[in-house]
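Some structures are shown below for you to check.
Common to both upcoming complexes is chain A, partnered first by chain B, then by chain C.
== the complex of A and B ==
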């Protein structure tokens, strides 16, 4: 299947979902007014990917800002990622990255970990 | 407005009139630029930026469809917003018209998040995040929870009934300096 690559803007994050190696990345700002429009292609891609995933899938999330309308869709992305686990013997992990001292972003990761039950690793990025 | 009583309050950013996507984008750029220029720490700047995104987008989401019989749409969709500070706090303020039908629901939502302490607020956030509902206006229903979480201080509001149809609604979110 094709990779999903979307360039970031001031409103929306950059996306680099690589189907060939199972490395998925979402980074930048996520403050679009219409989150559905932006996130729906990601959800569709993940739905396809979940049918024949790599042995190990890692989603790296490194967001600077996000609005509450995005937060629901980020949860949907994580739920789709959880579907990947239905395939036998596969591993899925979220690398949750946040800027140094950005406790709010770290806590948001913990909230998602709690709500989804996915495995999260936290990385504080020094500026 | 209560918070404006202080003599030492200074305004960093102000906007009055229409609001839409491109205007919000410009205001946010300006806000970010002014925070950097004032040497506001990265952590505070991000907090302020995130709060402004939420407040301005909510404002637009509500006012863009606002229509009350007997009023000119353009007039009642006009807003005022500002970013101010004094010795202790930064203040993000928005002012807009609301239909009286929406006032009770608005007050209930704000009063509820104001009552919750930080751990209750977090539990409530997780609950609303994981329910499948999106609000009628397309919002996630997380707006006020997010604002209170980020600010850490009660959300201050004022509702001034103008007549039997509309009220003026002022919301101020504070960030400790």
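== the complex of A and C ==
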């Protein structure tokens, strides 16, 4: 399965989904003109990945800022990731990273954790 | 009227669920109890998912809005501080300019006073000696007049030089601003 790599811009985040080692990364700012157009390929990739996932899948999320429509799609991404758990013996984890003193982003991670039920690890990144 | 952008399809899944439920209501299956139960269960599940999503998104959106608000307030405060510093800087630049211009004016006036002194000794003094019987009071009055005119002359020269320097500074700033605008246009 091909990796999914999208370069970040001022409005959209960097995406680096590696099917070979199960390491997925989403970072930067997410305020795309069309969130559906940006995130749909990610959801499709995750749908394919869920059919044959690695033993451990780790999604690192390090977003500086995202708009409301992106927040919906981040939830969709996490729900798709949850589908990976349907395969036996696999582990899925989310590394939720946020800037120092960005309590709001940390709390947002906690909200996603509550709704999705996925295992979240929180990492404060010093500037 | 401005052209509206085509709407994003971010709720296509939810719209599909709704459409399915609407189609079911007008279908024959609606008469079937079991089919209706199944469909109702599906609708309730989808509604629950949508509600959870709405609660989450509203919470996140409010939090981000609060963050934006705080950042905006910080920016306003920083902008005010920057404006104050800018005013202080402008005052300092002005004072430096005045000092620089003052020194220049003093130099010009000194040279002019020297020339006047030489002129007075070389031409006026002999004239007074010849035509006014070496009238010492007249001679001293001429010298006093030259001496007293130095300060007003210095102030006049300083004002003129300051006006010229300020105009040059304004032209330089206008050119820099124009260059910046051109660079920004090229970047776009």
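Keep this in mind: the second predicted complex is superposed on the first by the 127 of 127 C-alpha atoms of A that agree within 3 Å, B and C clash if a C-alpha of one lies under 4 Å from a C-alpha of the other, contacts with A are read in each partner's own complex, and residues count from 1 in each chain.
Definition applied: contacts are C-beta pairs under 8 Å (C-beta built on N, C-alpha and C of every residue); 3 or more make two chains touch, one makes a residue touch a chain.
Please read these numbers as outputs of a predicted model, since none were measured by experiment.
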item: Joint occupancy of chain A by chain B and chain C, clash or fit; value: clash
item: Contacts of A:104 with chain B and chain C, given as first, second, both or neither; value: both
item: Touching partner for A:64 - first (chain B), second (chain C), both, neither; value: first
item: First, second, both or neither for A:48, with chain B first and chain C second; value: neither
item: Touching partner for A:124 - first (chain B), second (chain C), both, neither; value: neither
item: Partner chain(s) touched by A:11 [first = chain B, second = chain C, both, neither]; value: first
item: Stretch of chain B, among 37-45, 55-63 or 91-99, that runs into chain C once the two complexes are superposed; value: 37-45
item: Shared chain A contacts, counted only where both chain B and chain C touch the same residue; value: 65-69, 71-72, 75, 104, 107, 111, 115
item: Parts of chain B lying in touch with chain A, wherever the complex brings them together; value: 21, 24-25, 29, 42-43, 46-47, 49-50, 53-54, 57, 60-61, 122, 125-126, 129-130, 134, 138-140, 142-143, 146, 149-150
item: Chain C-facing residues of chain A, complex; value: 34-37, 65-69, 71-73, 75, 104, 107-108, 111-112, 115
item: Chain C residues within the chain A interface of the complex; value: 8-10, 12, 52-53, 56-57, 59-61, 63-64, 66-67
item: Interface residues, chain A side, partner chain B - complex; value: 10-11, 31, 33, 64-69, 71-72, 75, 99, 101-102, 104, 107, 111, 114-115, 127
